[in-house]
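Below is one structure; the comments refer to it alone.
First chain written, first letter: the chains are A, B, C and D, and each begins at residue 1.
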């Protein structure tokens, strides 16, 4: 994700890449790498050295969970607004970082998912469920995915459940001729997980009512899809004065 | 639509059918019709007679444009909240009826479209366009539809245009090998109209961005789909104190 | 189905409706029913009377299983080619009727499904499975359907199985976080049954392979869809000299 | 495509990579390239040298049109069955190469498209058109595609046209409120070209008839999708005794 973020910042006309931090970097300058020839941007393997020499508005971070808490705190301490794509913060850590950001009056975002399309899909699904309590979720992924349903499908089901509560679906006397045909049951809602080679990450939330249907579908083809959300977040954290959790707050 | 509305009111547990108004009715009681055996509800062919004998909260009306203005005014005058599914009111008529409803402090709704799913589709599409300026609309209807694009497709495009403005799509040097391949152009947005036997009324709004796609689709199979919106509106007009225009205001 | 068949025969320019047989009919002429005014076609409640007075090429029959065997035999005996849409014939009955038709040199068809689109979907799916062994079936029906998966889905899976045999799909270590997420398992193939109001009868057969996907989908909206298959069959039985089983033999 | 082919041959258990031919190669051995460490396969920049030292059953070639004719002839001369993915052969060249292959009794294939899914889609579409003359094609590609409709869409339309001929679709009095809404017209069939970022190459052939619909859809995500077709062809050319044109002949 570091490379994707670097490229995204370089592509945005109103952004300027202040520096790159990589604890394992061998380079001192980005342009030592052939694909970045012409980009004279400093690369640091030491955070302390970085903040001495560099002044930046935003700190973008997709590092591992163990480093992310430390880095988020470090960014705030040094006046940089964190935009963090790491999952696994504890509630206590989130509370502490949020309080600290409020004291400093610094904006910031921690988000488990930066795909704007996926976040919109979930928001729309939750809204539609107010009027369409009957809904099934189909999520389709490549054949190497281990968990079924996907995390996004479960998150979507939770959001819909908050709106409509328990609601048994299908005919009360329906019968599975082959076990599992009706999918996973989440408070009456059914979730179906398809796994096929060639697929990447797709989800369809399908609502039905007398005489009509409503479908909200998100297709994710590659990690590029996260970068629009990261760019949006970099702009939005400049306008707020505390750390928030979840990209949906910016949409 | 009269029959569909009658059945809807009878089906709702918290509704009570006060009376039926049909200027051409031969019956005096609904139960003179075999399918309504057991429903002793008065049928009136004369509005004046109706209001003398009947007290109702809501007046549901899907009549022809020439009768609808008259009826809406009549409903307000007699203390009934109008829920009107007729199109073709002039701006002047709408303004006048709205002002009159305010004076009386009576709620009401005039809406060109009561399909909740279609209204949500348009709302979601307009919101998604903020983050996904690249969008094409495919609308699919039965082969006897005369106009292309459909009214709903044009309305959707207008709502998206309000959000994203002009935005040329496709490659600047793209070339139609057969004229019309790229569809209708609405401020850069493309609209495609499919007409096939077997279809009813369907619309897919498809957004694309680097590495991801978002699709919002509505399928309408029959007029039953309007009845959920009418039922919702009957409940909502009880809570407001003026006439409004458009079902989206209740969602 | 009797009404649908009657209407279909009347609509085809090269067909002529010889007579209608209905054991419970009160009418003697079709034009006693208001919707058939102008169609002077005899209606019989007695088969024996019918064959004395009427000469017909084809006998169309969608009656109940107990009557169907009797009627098929009766049609052949009287020189009419049977086109039968009833399920539930025993193998022995089918064999006996087939042999009898051969003796007489009379064509005929017994078919459990007259939807040409559904039959093509199954044929295409079986062919595609030769090159795409990874496949999942999603079938979507109205919320009052009792059985899952649908008969068509199971039939499709059987046809695919004949081509590709056993083939475990998904990651060997995949794990259902909620039971049933991965659907029904048929020799490694997964089948997912969606039930929602507003839907009629739909099936999507989805194949995946490295870098590509192939989808075959059939949507059935009403019984009209069977009539093209019945009309086709009436023409085809005139060209053959024995009874056959299954519409796929005519496609 | 050279790399993709090399990897495909190495992955197939029943294939053995005899040699690699690249007129611009610097290497003499494939294992001089880090990703092929351990694969001791000769690399030739000279065809003449290759055939002196190497004995192979099949010659796979995706080179430029000007080289492809020469190479195909060369392969046949040296007893190798050509599998050629280059377009742009003239009819005269194809005839000459086919005749030459017959003399030698050597199998071979020249194909403009090796995506099995796309070839099946076209075959199924042509068959379905016999029973469903009403059809529209939607093809969806990335926003940098210059031509609309795509070559595959036009090829599909041609195949359908061969089956159903001219057939005006839509209502005779239908009217485009915005020009182009009804798409490109090909003998009455409509073709719609969608261009959006995030998309790769997709095509949906949609048939409609009274009460039913049939959809055949192909999604192509990357060039990997061609390799199954190349592998299949390498096996099939061993079983035939002449050069043929078009992957459909092997399906």
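Just so it is clear, contacts are C-beta pairs under 8 Å (C-beta built on N, C-alpha and C of every residue); 3 or more make two chains touch, one makes a residue touch a chain.
The model shown is predicted, which means the values in this text are computed figures rather than measured ones.
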So the chain most remote from subunit A by C-alpha centre is C
Check: interface with higher C-beta contact count, A-C vs A-D, is A-C
List the interface residue numbers of subunit B and of subunit D, divide the shared ones by all numbers used, and answer same when the ratio is over half, different when under half. same
Counting only Cα atoms for the centres, state how far subunit B is from subunit C in Å. 38
So the centre of each chain is just the mean of its C-alpha atoms; given that, what is the distance between subunit A and subunit C in Å? 48
Any idea how many Å lie between the Cα centroids of subunit A and subunit D? 38
Where subunit C touches two or more other chains, by residue: 198, 207, 209-213, 219, 221, 225
Contact residues on subunit A for subunit C in the complex? 134-136, 138, 140, 143-149, 154, 169-171, 173-186, 190-199, 206-213
In the complex, go through subunit B and note every residue touching subunit C. 198, 200, 219, 221, 225
Quick check: in the complex, which residue numbers of subunit D touch subunit C? 115-118, 120-121, 124, 127-128, 130-132, 207, 209-228, 232, 251
